[in-house]
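So, here come the structures, one by one.
Two complexes come next, and they have one chain in common, chain A, joined by chain B in the first and chain C in the second.
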Partner chain A sequence: MFNLNKHKLITLLKVQYSNMLEYRVEIALWAVSGIIPFFMLNIWTNNNLNESINLSNVMLSRYFLSAFFVRQFSVVWVVFTFEEDALLGKISPYLIQPLNPFFRYLAQHIAEQITRFPFAIIIALIFFLINPESLWIPSLNLFLLACISTFFSFLIQFLIQSIIACFCFWTEKASSIERLLFIPTLFLSGLLAPVISFPEYVKSWIYITPFPYLIDFPANILSGNNTNIISGFFMQIFWISVLFPIFKRTWSLGTKKYTAMGS
Partner chain B sequence: MEENIIQVENLSKSFDISSKKPGLKGTLKHFFKRETRSIEIIKNITFGIKKGEIVGFLGANGAGKTTILKILCGLIYPSQGKLSVTGNLPYKRRPNFLKNITLIMGQKQQLIWDLPPIESFYLNAAIYDIDKFEAKKRIKQLSDMLEIEKELYIPVRKLSLGQRMKSELLAALIHKPNILFLDEPTLGLDINAQRNLRKFLQIYNKETDATICLTSHYMKDITSLCKRVICIHEGCLTYDGKLEKLLKKISPVKDILFICKTDKDAKELSNSGFIIKNQNQKEITITIKKDSIKSTLKKILNKFEIEDLYINEPPVDEIIGNILVKEKV
Partner chain C sequence: MKIRKYIKIYSLFLSTSIASELEYKTNVIIDFITAILSLVGSVFLLTIFFQNTDNIGGWNFEQALIIQGIYTILNGITNTWFNPNLTEIVKHIREGTLDFVLLKPLDSQFFISLNKLAPSGFLEIILGVVLLFYCIRINQININLSFLFLCITTLFCSIVILYSLWFLISTTTIWFVKTWNATEVLRSFLYIGRFPLNSFSFSLRIFFSIFVPIAFITTIPSEVFLGIAKPWEILFEVIVAGIFFTVSRRFWLFALKYYTSASS
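The block that comes next holds the complex of A and B.
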């Protein structure tokens, strides 16, 4: 499928991982810069806001640590790299290879996540040293489900950004469209506050968008909070199956407009 | 009769380009209402290329040579016309077609900047479904031919331009393509590196019978590699044929250097109505039409005391330079 096989996939990942290791300091800094959930935890606990949503301090700190982990392994930046490559004509050599260039970007992201892993663990250990009461070991089942839902979250974000990236073929500055999504992603994904803290009428709308399935849903599974696992996975799969054909169509139409500028 | 591996009929390509006037007024106008116009870069071009041919595309900057190569390799869509490369429509970018071609652009690179080239070679090998054993064999063979065995394990960013270009070539040839599209492959290389690259391309063409389409501003690339050239002027095809024939057609003159015995002979020769190209004391270079060489030489040798003479063709660069700005050849 997609002209991709095990050999290609493993080689892509191996090469991109070697490449990412060249940037390990930069990646460590990126990992550290992702500590926004800890700031939010501080704001919530200092103001006793957790009482309003019936979550104990421990459960809330576990939620924000999980949100930090989910964020670490679902960060997507394809639109920025693709935009630069398309505008400078760097994707030209990749376009005439028998593999869609987006697999290169996908492999770059996965390789980056693998590189981030040890840094994320170190940050978590520091977190547990400061908050020993929050230490918990999720069951294997929940851990695996959280891993799968984090990967689905990554896929949803990767597809959204890839669709926007394809607009480069028309607008040249597609990353500005992505910035429009930054605010809803920040507020509705669960990064700043668990989605259960939103008023009921807002929640009913939020849950039909892809946003709460990006951070809130996987973080709730990992932290052991109450969440509807079946409907969560259903919505993640639904969004992947909606976004994928849109991406394919946009890619197909976009490459027809490609002018190979700068090369 | 042998069939063409590349066939192009009435090919045209237009681009929409927006223009902006300078100054604040121009900027505001550009912000609210963009003026775009369609520019026809390629105009109704027809040609065919046979398997194993090396064809040079000649033309000034912006003539449309690179656009033709980009269309032929499937990178961009044509606006009009028919084309077939190895029996495929290039812009469909079918894997079987892509496995048969390669595009090398002198100013663009596909190697991963921070890793040694060997990593990119193995990646390309995997993308083209070449197993590791075969890939190893091909890398060895090509790196021997290109003389870059030592550079395989050095990060690309640490390589010289020549070493990088050779590595690019290896990355682009690892899948043994039948058609090579080369867009200024020797750009920025020193004379030795240029010569080595040309030598390599000649060997590759001979050993694999690969078809090569080449654009270059270094005339030595064209004259040493291409028997056939296609001249493009402002998107139109102005000549398609043998390079030798073109040079004869365009340059019906020869330069002859006469070394006179005395200053008096030199002075008289320079005042006898011939086209003088250069004069340095007793050395005079005269431009003579090829069809009157015999009679003119006879006349000069009978009339003046000549110590020695040299017959030269005008430099190819000069001749081709003239072609590039001509509408019709």
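The block that comes next holds the complex of A and C.
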């Protein structure tokens, strides 16, 4: 089913990267549209809300900057592309190729993240110009761990969206399910408020769900805030290993169901 | 005569787009659940903010709920009318179908802005109105005629400003072809309309009242609801709405001069 080697992977990435470079302006705008964490930071510090959770202004601003970065490199939009391709009948030629089309989408995402990188750095530099006291350089170990956990976070979201995308084989319009799932992701992942600030009745169950591992966990590692690294990675790997078989199953059921457009 | 013609055409738009949207009934339901969850999520975020403080930017929890109600109504309006229509402009221009719109004996801005409709947003508007009525009760607001008049005026102005912002950005498509992402930036900026303007720092407050007047869109109507809006604020909002609408209209007519159709 997954017929992939190094050569194919590199070619895919190269093609998609040059493709993405065509859309630099759009990707820059995408990067700008991710600045909500900074507005949230402004509310937190301007009203001294962080006193109650024992986070200094500096640590909180590092947290939100890290959350911005993690979000930039874990944004997934596969369901929207897949839905369009399915509606326009582009899936059929992809299915004939001896390569699962999701590798194409995966390469698109990674290429887009590489294109996005300079813009994210520019936004971070502007942030440091405005808040020079929050400038920090994470240790190499923590930086690498943060990169890995961000990639895992990306994989979890990619798998969830791919499963939803497979619903296109049945319903044609699957993106509304994704918009529904985006709401808990937005509020529970730590993008708008760090998970430690959540009330107890939420904290008691939230660490079993995948949400805090999408933004909060990688952002805590990167910003140097306290977090349990081992259990965090354990949960990320756990969710990936749960979601992957589900994806494989829906994919094989979906392709059997698939009848191409107009038939 | 003219107005009657437009009303007739609009009722035709309504029936056709509702019919086509109801093809996807489950989608309408899912979108409605999304709207409820997103309201629950923002109230949850508010409770986090109010855990250890009794006001943010001078607004207590019950008052901040009014802003959520108004935001939900405006978001419902955006999802019903602005989003489905104005994202369509991008398609019209990329595929050259704007030609057909311009050829029709109709105002092109009217056609482009109102042609489509997504009924799931209606439910969101109702949700917002219900929340507002709840807020009127818990804040013990007296309803009288002048209160109603001011509320409707400011809400109407907010809708006009919101529409003009969307339309201005969508119009730039004529030059840049793909501005899908620019509306995405606007969406993320609009998100801060869920919070009182005073909860932001001074520089952001200036930014959100001058460059992107999001402040006017939700904060002033909420102040009107609470009866704490100053007369100059209401007057100012009316003026801003007027300016934005005229500018968006002028800008569209100006942009059309540069429209060269696809492949020419």
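FYI, the second predicted complex is superposed on the first by the 260 of 263 C-alpha atoms of A that agree within 3 Å, B and C clash if a C-alpha of one lies under 4 Å from a C-alpha of the other, contacts with A are read in each partner's own complex, and residues count from 1 in each chain.
Following the convention adopted for this analysis, contacts are C-beta pairs under 8 Å (C-beta built on N, C-alpha and C of every residue); 3 or more make two chains touch, one makes a residue touch a chain.
Predicted model only: the values in this text are computed from it and were never measured.
Superposition model on chain A: chain B and chain C are shown accommodated side by side without a clash. Of the two partner chains, neither chain B nor chain C is touched by A:S241.
Within the superposed three-chain model, A:L99 lies in touch with chain B and out of touch with chain C [touch as defined at top]. When the two complexes are overlaid on their common chain A, residue A:E26 makes contact with chain C while staying clear of chain B. Note on chain A: of its two partners chain C and chain B, the one contacting more of its residues is C.
Once chain A of one complex is fitted onto chain A of the other, the partner contacts of A:A193 are limited to chain C, with no touch recorded for chain B. When the shared chain is aligned, chain B comes close enough to touch A:G89, but chain C does not.
In the superposition on chain A, A:N54 makes contact with neither chain B nor chain C. Touch criterion not met for A:S139: it reaches neither chain B nor chain C.
Of all C-alpha pairs linking chain B and chain C after the chain A fit, the shortest spans 5 Å. Comparing the two complexes, residues 23 of chain A contact chain B in one case and chain C in the other. Interface of chain A with chain C (complex): residues 23, 25-26, 29-30, 32-36, 39, 42-43, 45-49, 51-52, 171, 173, 176-177, 179-180, 183-184, 186-187, 192-193, 197-199, 202.
Contact residues on chain A toward chain B in their complex (touch as defined above): 3, 5, 7-8, 11-12, 15, 18-19, 22-23, 89-90, 92-99, 255-256, 258-260, 263. By the touch criterion stated above, chain C contacts chain A in their complex at residues 24, 26-27, 30-31, 33-34, 37-38, 41-42, 44-45, 47-49, 51-53, 56-57, 176, 178, 180-182, 184-185, 187-188, 191-192, 195, 199-201, 204.
Within the complex formed with chain A, the chain B residues making contact are 15, 70, 73-77, 91, 93, 95, 98-99, 101-103, 105, 107-110, 112, 114-115, 119-120, 122-129, 131, 172.
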